[in-house]
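Some structures are shown below for you to check.
What follows is chain A paired twice: with chain B in the first complex and chain C in the second.
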Partner chain A sequence: MSTGFHVVVCGSLVPDLLQTLEPVQGPAGPALKNELMLPSVLDPWAAHALFEAAHVAATVPGSKVWLVSLGPKAKLQQLMMSIAPKVPFELVAIDASASGFTDPVEVAAALAGAIEKIPTLDRSRLLLFGGCASASRDAGVTVALVGERLGITDQFLAADELTVSAEGTLTILERVEGGKYLVSEVSGPPCAIAWATGNLPEPPNNPQVGMLNMRTMMPALQKAAAVQLASPGTTFHSVELPKQERRTRIVKDVPIDEMAREIADWIKG
Partner chain B sequence: MTMETILYLAHTEDDGSLSRVALETLTGAMGLHAQLPGARFVAGFVGGDVSAAVAAASGCGAASFYAVSGPDFAMSRYASDAAALEAICRASGATIVVAPATSRFNRAIPGVAQRLGGRIDTHVGGCSVEGGALRIQRGYYRQRMIATLTRAARPWFLTFDSGVYPQWDGAPVAVQAESLTVTLGDELKKTKVVGYKAPFASAQTIRPDATLLFVAGVGWTKKQADGQVHLEEAAQIILNVLDKSNASLGSSKSLVDQSSEGHNVFSFMSHLNQVGQTGSTPRHPKGLAACCHGEEPHVVGWRFIGERRAINLDPNCGWAQGKADVVYVADAFALIAKVSELL
Partner chain C sequence: MSNEDAALLSTLPGDDVRQIMWRFADRFDYQMVVQSTRAVARGPVARAVAKGARNSHEWTEDKADLLREFDAAGITAAPVDPEYGGFIEGPKNFLMGLIAFELAWVDAGAGTSSMANTLALAPIHERGTPEQKQTYMTRSVPPQPGENRTIWRGAFALTESIPYVGVDTGVLSGRVRVAEWVDGEAPVLHVDKRGRFITNMGSANFVTAAVDSGDPRIKGSCMVILEETDPGTWDRGTPTKKLAHQLSSTRDPVFSLRVPADRIVGGYTVKDGVIVPNYSHADVIEAVFTRTRAAPAIMTSAKLLSAIEPVIRYHRRRFRGAAGITEGTPRFDMGLQQKEDALHRLLDVWAAGEAGTSLGFMALRLLDSYDAIEQAKSAALAQLGVAGGRAEFKALRAREGAASEYLALSAKETLSAVESARLAELEADPVIKFMVTESLSSVLIPATKLWNTGHGVNMMREAVSMMGGYGITEDCPGFLGTKWIDGQLEATYEGPEVVQRRQLSVTMSRTIFLQQFQQWIAHLRVVAQEHPAMGASTLANAMELWLWSREYLSTAKDPFGKDVYSSQRHGATYPLADALSWLVASYHLTIDVLQLAQHGPESPALAEGIDGLVNFYNDLCTIHSATAAGEATRICAELVFGYRAAPDATRDDPTKVVDAFIELAPFVALRTRVEASLAGSKLAKDRAADALAQVMIPEVLDYPV
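Here is the complex of A and B:
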């Protein structure tokens, strides 16, 4: 491929996975307690998508990566400090709630609108990337919804591998039932790929990449359009933590044969 | 209140049958029909040849059966699946669309919801009818909290995970499916399905239908009491217990991450085995964890495991705080080897 891909990654922030989360009722519906105070990370699957995008861009000359990220501007700025040194990309920021309780249709509309406004984006070379689900809403639909809005009819979900042949054919491995991969080929872009974990490790920090990214990030954050994500007609009747109902029995100071017999009987029973 | 039309959607497997989760979801759709007063119930099928699938579901009580079939629809491909499902949804006038959360439908249904201007909720864990209105339950933040919600927008697409409802097994009756014609242009056939491929692992260790999920944590790769790492021994013990118990293998993120970072870990394990916050949330009746911590991000992968037991050297680990039914404080190497002997 002589012209390369234009890879747009949709990815936003989620609360640090090790944080304790507690739902509360906010003025606009359910929210997380102290949501704005919770430390955030780039959504794990979106992060994999970003690393895969950078890998594609590095291997196919002429490619470029954009990260379209929707979240509160201040939190996006904090997040970018940690992502910027990882891989080269240009940020497109949208100032809106990153809550998991927002409607994916509304989020997709905001993302697609922002992508359509990227001035130098060639939609015929577009690879739309994102996570196969988020660690917040966990719906697994946003990339497909954005893809539909952008008129992309070749879509893939839970991908772990993308290879590009010399002729430009894309081969995608998607996770399917039974721990197998579905192997598909598509003749070229545009296509949408929602990534599972992929196979790439997290890239090490590169200060030079960080400085390069930061030059475009601050202007992008400053001009981030504010979007109100409404969800008319949706009523949350309750949001609660699953009840911890297990009464754990601790078995210790018991001969190992006895423990093994109990476990084996339980497995067989 | 408008009368609802409930559309049950299913696709055929490679052999023309319906999958377990499709039959489970059929039970859910029928239950929903029974609860929603005055609702109309219809069913739609997609596949190469849907006759066996229609026959299998024919006794469900649907007023109409729709089918989109042919060689173009035998394979799992977004463009053809979305076109077929869109045609069925439009023909049926569905206001509530119920579908199994298979990889094929997980990929196609969101796009159909977008085309029809509807709303979609996935991983639905249950539904009820209050005051004539449908309420669903689904998890947020990777099942760390459960919400009950309702939506006024229609059509409302719902996908159900396996394990929510029992499998439907009704007697077939004679029905005639209305065959819908969907023509695919070349632009919708750009994607070619090549086939299936096993993951990059030396043994098939993922068994969705297994009774037991055995989850191996990173402790298997740590130094043991003698100050040495025993990877080969650990691999042998794990494979042995999987073989004897016919269990499915799960893993913690920390263990599979080691593989992607180039460390020496188990050749039979890949990211596909990962359960938890950033992995899968399987629904096996029993789960046994060994050398895993029981903290919340990991335990979210166990949300739908029926009986949970854990083996850990630390009696104060997260599992001991109401997340497992039984915690065995013991050396997992010795205990699992002994369990394998007894199996």
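Here is the complex of A and C:
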């Protein structure tokens, strides 16, 4: 690759998973109690996608990474303080609800619209990245929907590895049943990859990278367009946390096989 | 408004709240450093504590790893200027406070490791020659991409010698002599120094050491830079068996080294065959400690705030799992939070943490403005032919009247044309600006160091006690037991409490400080009108009482005719300094809460909870103002009456007490006013307790992760 990739990562915030997440019925539908007041983190799957994107950009000269983030502007700003020092990227912010109670079709439309407006983006060199799932609402279709809207037909879901050959050919490992990978080869961009966990660790902070990112982040946040996600035709009847059930029984001298069988029987009901 | 109507606190205050209260909402670079530091503190540092890294006096690989984590996260380079490899422009006292806050939230020993390096560089930063700055600053930042070098660590060696720790800074036994001085060449020095309790000594590559002259060819004292490869003895010494801050390396080193004379911090001149250091060790230390004392004090306050969440969680879950405690019952859901005592005591801890951080960060913001103001002052005096030392001291004393005039004019609501012109003239005078700033910083910094750490440790003990026996175990959530003992070291580092009281006993009586103190009282009177539920009136009354007491004591004599307020009468001056510190801390909490009330609604992230936040913080202010007023009143009463002889008449007839102390009637009236203004303060505590009992907390503590 002589010209490099233009890697666009779709990823936003989710409430810090250690927080108490209590569904409530708000005036505009379901929400989390005190949602805006809760600290946020980058959605873990989106984070994997971002780190993979930075890795691609670092190994293929001439590449560039954009992070397209849809979320409440004020919360995005706080989030950027923690991810800015991780990897170099340019932020494109969309001011909208990042609640789990949004319709992925609408979210995908907003993301695709913002990507189309990136002035220096070369769509022929585009790698569209995102998480294959989300910690806030696991629809698992958003990257695919964004890809469709951008006319990207080569799509790979639940990817764990991407390698780029010297000729620019992309080899992608997708998770399939039975702990195996489906290995695909594509001649080059554009393509969409929805990442599972990837296999890269979280990069260490680099304050110099953070300071560079910060120069473009604040203007991006200031000019973030507001988008209403109205979810027409979608009704949330009720929302509740998964029930936890705990049954403790103290036993002695029970063989492991018997314990395993008993647990399996209990799960089967 | 009834308790039922008032909005309650929704969640524990997060970054958005702190950024507003501590005035860094617009400093994204600081916010980024905070997040980076937090990730290190709650990750690697917390894991090291959890795995028992504190249980050794030795410098271990686990502890050394933390320094590498600091390097990677930008913590090591944060205090260094960009020209030497740092990444943040401008003064960094406030930033260092934020870093100390985040590290001490988990373990203050880690904070000390980070700060000790900065302390080693501080003499060079403040008074070093350009060459010294270039050499040691650039070596002390992590290698940049493409560089192949090892980062240098530093230690600051002032205290000496075995067996005592923290001797008087004016008494040095370390010596510097001329080892070799060939005509026409620079002298070579020999330095002998035995340090005690020297932080970072396990990893230091260089040491900035205070030494006195042991040679007639060297005048006075100085600070000198020692390197581990200098010829002679560089013995890191035995580890200090300290009971606190075990994640930092502390040893008792022995140095006997030959160094070139250009290692004298700030350089030297040769006069009549004698080496005259440009700065004595006292000059350097004053400049250093002025800037570095507030950050350790922030650490103790950080611990108090870090205790809130684990204590709430412990209280709420205290009875869960016990036989007969079923889900949905008050004991299951609220646990010990059903009991008023648990809530009220935790509020006292919380209020102390908030007041300490408000005071500390105010001191650090002031320090960030200090360098430029000090430089402008020095330049202005230099133009008048005044350069440092006694000449400068005399020049500043001569301007005290003008500084006082400036403060008097700036406090007036309406000014004549002549007065306006005079005010503008004084305002533009860098010397006046320096004097006003310095009069404030010389109170706020020792008050922060004294009150945050001294009172902070007492309150940390309260926090530990609220966890019962769990509090003094190694696995207490939030490491509260270790934070308690760590706090005692923060009360000692960089000048123990007695040093701070000594400084305050002088600086709190300066006219230009007292004028500003009176302006604070006037401000609180206005605040009390606009925000009657903040306890501002209580605080203003207590400040009036302190002011009257100080004035009275300054001329009072005891029954033996001796002055009550004199430099050696610590029984009078030191408690008065304690009382002032309570008031100053409470005042700055009030100011920060006003800031939150004003700017909080502008933050979309806070919008849904701002009413509850402000209500809670108003109540916290009231609680703390009442406590501070009570403390100050008790101290002042003891001093004002305590140095008087008891009139015989009062023993037999208590009704004659008033007549016997008739000249103290103003004090009695002021005291009555303070006490009357406490009305409602306990109701504020009840309201805040209601908020505490329902505030949403995370499911689990976010460290170790």
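Quick note on the criterion: the second predicted complex is superposed on the first by the 244 of 269 C-alpha atoms of A that agree within 3 Å, B and C clash if a C-alpha of one lies under 4 Å from a C-alpha of the other, contacts with A are read in each partner's own complex, and residues count from 1 in each chain.
In the analysis below, a contact is a pair of C-beta atoms (placed from the backbone, for glycine too) under 8 Å apart; a residue touches a chain by one contact, two chains touch by 3 or more.
Predicted model, so just to flag it, every value in this text is computed and none were measured.
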**Study point:** Combined model on chain A where chain B meets chain C, clash or fit
**Key:** fit
Point to revise | Partner chain(s) touched by A:100 [first = chain B, second = chain C, both, neither] | key: first
Point to revise | Touching partner for A:27 - first (chain B), second (chain C), both, neither | key: neither
**Study point:** Partner chain in contact with A:207 - chain B first, chain C second, else both or neither
**Key:** second
Check your understanding: In the superposed arrangement, does A:18 touch chain B (first), chain C (second), both or neither?
Key -> both
Point to revise | chain B versus chain C as contact partner of A:199, first or second or both or neither | key: first
Study note, to complete from the structure: Chosen between chain B and chain C, the partner touching more chain A residues is B
Study note, to complete from the structure: After superposition on A, vertex chain A (C-alpha centre) with arms to chain B and chain C, in degrees to the nearest 10, comes to 130
Practice item. Applying the touch criterion given at the start, work out whether A:119 contacts chain B, chain C, both or neither, answering first, second, both or neither. Key: neither
Exercise for review: Once the two structures sit on chain A together, report how near the CA atoms of chain B get to those of chain C, whole Å.
Suggested key: 8
Check your understanding: Do any residues of chain A touch both chain B and chain C, and if so, which are they?
Key -> 18, 20
Study note, to complete from the structure: Note: in the complex, chain B contacts chain A through residues 19, 76-79, 82, 102-104, 106-107, 109-111, 113-115, 119-123, 135, 139-153, 187-188, 190-199, 204-208, 211-212, 245, 247, 256, 260-262, 271-274, 277-278, 286, 288, 295-297, 303, 307-309, 315, 319-331, 334-335, 338-339, 341-343
Practice item. In the complex, go through chain C and note every residue touching chain A. Key: 10-11, 14-16, 28-29, 31-36, 39, 72-74, 77-78, 87-88, 603-609, 696-702
Practice item. Within their complex, state which residues of chain A touch chain C. Key: 16, 18-20, 22, 33-34, 36-39, 72-75, 77-78, 81-82, 84-85, 204-208, 210-211, 214, 217-218
Practice item. Within their complex, state which residues of chain A touch chain B. Key: 14-15, 17-18, 20-21, 23, 30, 32, 44-45, 100-101, 103-105, 108, 135-141, 144-145, 147-149, 153-158, 160, 171, 173-188, 191, 196-197, 199-201, 232-242, 244-253, 256-257, 259-261, 263-264, 266-268
